[in-house]
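Both complexes below contain chain A, partnered by chain B and then by chain C.
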Partner chain A sequence: MQLKKPIGVSLAVATAGLLGSLPTAPAAAEEAKDWEMDSTLLFYGEDGDRVKDASLMTSIRRALDEDRSFSLSLTVDALTGATPSGAVPANGVQTFTSPSGRASYDIAAGETPLDDNFLDTRVALAGNWQQSLGEAMRLNAGLSASHEYDYLHLGANVRLERDFNQRNTTLFAGAALAQDTMDPVGGVPLPLSPMQAAIPGNGGGGGYLKAGGSSESKDVYDLLIGVTQVLSRRSLLEVAYSYSQVDGYQNDPYKILSVVDPATGAPVAGPPGSGLNLYLYESRPDSRTKQSVFAEWRYAFDRDSFALSARYMTDDWGIDSQTVDARYRWNISESSYLEPHLRWYTQGAADFYRTVLFNGDPLPQHASADYRLADSDAYTVGFKYGHRTARGEFSVRLEYYHQQGDPSPGAAVGDLAGFELVPPLDAVIAQFGYKFRF
Partner chain B sequence: MNPRSAATLAAMLLAAAAATACTSVEPWQRDLHAREDMRPNERDAAVDDHIYFSKEASSGGRGFAGGGCGCN
Partner chain C sequence: MGCPCEVLVETDAAAVARCVAGSAMAEARRIDQKFSRYQKGSVIHAIHERHGGAFRVDEETARLLDYGAALWRISDGAFDLTSGVLRHAWSFDNGRVEGHPERIPSLLARVGWRRVGWNPRTREIVLPEGMELDLGGIGKEYAVDRVADWAAANVDCPVLVNFGGDLRAVGPPPAGGAWRVGIDSPGAAGRAIKRLELKSGALATSGDAARFIEIDGKRYGHILDARTGWPPKGGPRSVTVAAETCSQAGSYSTLAMLSGADARSFLKAENVKHWLV
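After this line comes the complex of A and B, so read on.
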């Protein structure tokens, strides 16, 4: 019998719950603490010499009254480590020119070529305003900016929600715009041009044949519509469709492809006098349209809860992907919980993904050996533990991520059959959180 | 699946969700929905998006596809 509970309290908490993913103004049950601070320290570490990221995310939210609040967030990332350049292993030592064009580095026989000139600090800021528009509608509008050594992002987004059917149904729609500008170290390489020998010194800048300007940009347009539906006293379903259009420069200016002999798989000679093998800078289309369908089902047990989500994504680069994510929230006590998490992901390769290019073949219009565009599968397994005290909520999350990609069909010719052409990725994710109100 | 069939799938799912709109759980029956663990954790979702955006070819779904980094 529900009426055993005081109706006023139930209504207050129910109203808070109904606002769904939008942050709520403090409910009546929460005495007036207008500020909330949420900080997260994240360590992401790939195996061996590969990428490490230490990231601090902190946000502060202020409820102005029951209908309006704003939040500001700051993220600082410190990235180090090496990332696959796209070139494949060979039976001999391979020499590459670093992105600056002023130095070179060697990769031992049989080793996956990693570019270890990867060191960056990223600072991101975001501000959001949330406001009720009458009884059943809410608006959320935000601005974002982030900066890296060679990258600048500016964005704006807006999202509207409206409740129907005694708040059993919430429709939402949103739009986002962003402009990203890249200033690659040493300039923008001409797509599919060969890597050139390094020219040392400050006046240097070999490495590649340059495209027109020193910077490139892309525009990103996102649209999102969806519905959250209460299915029963215990469950709800959220379904969203999103459409994303990206126009402009989408190459990774540091990624290359090996050109190999079609019979032996051995590297072929690069530009005369360079001492390099033949490596071409990648080329991607300058337009990409992505669509995705996302659905999440949440179920509340008396004590615990369960969330299961699935996403299907398709784009006009030929990539299809599926993601399934499951979390079980075990509320051990009033003040602590344990949340096991499983995630599975699979994607097909982009139409222009090539693990290698073969010498003598006509050059394709677009080609990339970036492992992120390969046919691949990944899983994440982990858990989160949280504990609430009078001073706030502490949490720790530990996860393991494994990704394995496949080379493009027919790539493993000759010597290449003996090498790992798409290096697997293993990473550990450790996240520490502290959230409090004041 | 081509983009047109993705849009069709989306429309079907939205219609299915809307068709359940006749469900009416009264406000005083929503104590379980009001629990904090029945809402998505935005911070964890942001962390996941940040990681997977830079390691996989897909992003977004729950929210905007986003981006805003030259992540390697």
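After this line comes the complex of A and C, so read on.
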């Protein structure tokens, strides 16, 4: 059949005759866009000479149909700056051997020893597959890998969700496996061995008393189970429990502890002829079991929404932590929102955390002066602004982070009482995001 | 109606949803009973019972006959309300397809709106003995439009009327911005090959991806050209068209299927939004 002329008018007239009139609104139908691209650029900057991170994340998601989609994401981080080495300040200049074992650096009297040989690029890739299994079940499975100079991460995860009770209740369970391999600069230091003098030159490599191999690895197993329950037309509660087991090498090979005189707090001499004070490489247990309970309550007002969550974590290293997080999403208009964010975190120290080790005390089996294992409180305050246009949605997030350790730990004897043993940390986070469909 | 009929209503008030659903169900049932050729007591049944005598139809039936006559004119006779008897030459049962082309010539003798006496002024119809009248090609879309028009006039919440994949949206767009509609993938009913977002107006699909026939390795659709008794050659498996009303969308998609290999150029020339599978 070939129609000779446009039929639109004849058809409209015939339809008006059939229905009495035609609607005034034209048809508005579009093909749904299957691809979504989401990119964010994040700057994280700690105060002073400490860590700066620029991170570019881009992910692409493709919906194959209503039930199946996959996504791929790529993240590139560039890290610079210095981190506390774990050693404490002293009244004299302190000399340290850099991780390569080929150079040394000095820290002025009274200053917190920072290891500034910290420059790294990290590349991370993740792939994810999502699909419905029938009307009430959904499966999500993913693979991830990341690589940086001295670190390789490989992981796999799976999550299953099932709706019950007319979709008012959703049970979910997940599992993840990861293997991380460390290949520290200059080799793996023997735990609790003293820092050695640097040996310059390409053939050099002092610094460490080497442990057996040049690389170490750890295995991480995570299990998650939880439930999401619709409480009312406006509110929803999610409760989850997670269990995590980490086996293998968990030391930070660049972290050390100062050994000080128990009366004066002054550093004691290191290996004969090294010219260094005595600093021992840290030693952590090779097994860690973490458990956490998480609850989140979400409430929708007529225009805005609110989310409040709390997490309690405990592990067999003796660390207990609590997090409370609140977000209020203020929908300023149809196309833009402002979301203030408050987060508070508190943590108790690991059993083997030591600000310093005292000369003459028996050497403990495990010890670390990593500030991340110390008693600390932290808060984050910030906001996110988002604006949607016909082409896509952009967002800006600005946050300020402040972390405060115990200002006068029990180890602050003698000279140490005058120093900031666990210096506070301030950081600024700025993130720009752009998301669009095509 | 021979298909799943659903009405989606987005409202906080359960009473409103129940009212819209109840009215839609009643109207769909009324139209089905009044125009089905299978229902005793239907207008179509009554016309057939006259065996060539004149029958005066009510005003609503007259409007449907006028609409069918207009499509017959527009399509140069490819669309025809009397083409139903051609089903005896083809059976499109799920999976098992049988063609009996040798029956076509004798069946064609019983097809042709030209031979029907239809007087729109007196609303009298004379259907020659041996011929059959079938409003199935336009009745479902008409029912969707009737229910949608009722909803547009009586409630102000988002409503989607969906009778077997022919659908129309009235009222404001739903909370998600648009109704999401899937077009079934050929050979896999229930798995959407294309996903559409409908804010307002209607979508109708002709051609059923799961129902086609193959003769000598050539694939034919299941909509028959009333002039030849054969399905057009080389057409798409299915055509989905967007238009203001479901009746228009359904007519465009049927006429596109009847255009066979020219379906795409026909729809382009008509400047209507369309999706071919």
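General observations
FYI, the second predicted complex is superposed on the first by the 404 of 438 C-alpha atoms of A that agree within 3 Å, B and C clash if a C-alpha of one lies under 4 Å from a C-alpha of the other, contacts with A are read in each partner's own complex, and residues count from 1 in each chain.
The working rule: a contact is a pair of C-beta atoms (placed from the backbone, for glycine too) under 8 Å apart; a residue touches a chain by one contact, two chains touch by 3 or more.
Keep in mind that this is a model prediction, so the values were computed, not measured.
Applying the stated contact rule after C-alpha superposition, one finds that A:V324 touches neither chain B nor chain C.
Once the two structures are superposed, chain B and chain C can be ranked by residues of chain A touched, with B on top. Using the contact criterion defined above for the overlaid structures, shared-chain residue A:E66 touches chain C, although it does not reach chain B. Using the contact criterion defined above for the overlaid structures, shared-chain residue A:V413 touches neither chain B nor chain C, since it reaches no partner. Applying the stated contact rule after C-alpha superposition, one finds that A:V396 touches neither chain B nor chain C. When the two structures are aligned on the shared chain, A:D34 is found in touch with chain C, with no touch to chain B. Counting contacts by the rule stated earlier, residues 2-3, 7, 10-11, 13-15, 17-18, 20, 233 of chain A appear in both its interface with chain B and its interface with chain C.
For chain B in complex with chain A, the touching residues are 1-3, 6-7, 9-11, 13-14, 16-18, 20-21, 23-35, 37-40, 42-44, 46-47, 50-52, 55-58, 60-70, 72.
By the touch criterion stated above, chain A contacts chain C in their complex at residues 1-3, 6-8, 10-15, 17-20, 22-23, 25-32, 34, 63, 65-67, 233. Residues 12, 63-64, 66-67, 70-71, 73-76, 78, 142, 145-146, 149, 152, 170, 178, 180-182, 185, 191-203, 225, 232, 242-245, 247-249, 251-252, 255, 258-260, 262, 266, 269-273, 275 of chain C are the ones that touch chain A when the two sit in their complex. Here chain A touches chain B in the complex through residues 2-3, 5, 7, 10-11, 13-18, 20-21, 38, 40, 42, 44, 51, 55, 57, 59, 77, 79, 83, 118, 120, 122, 124, 144, 146, 148, 150-151, 153, 155, 157, 164-169, 174, 176, 178, 180, 182, 220, 222, 224-227, 229-234, 236-242, 244, 252, 254, 289-296, 298, 300, 305, 307, 309, 311-317, 319-321, 323, 329, 331, 337, 345, 347, 350, 372-373, 376, 378, 384, 397, 401, 403, 425, 427, 429, 431, 433, going by the rule given at the top.
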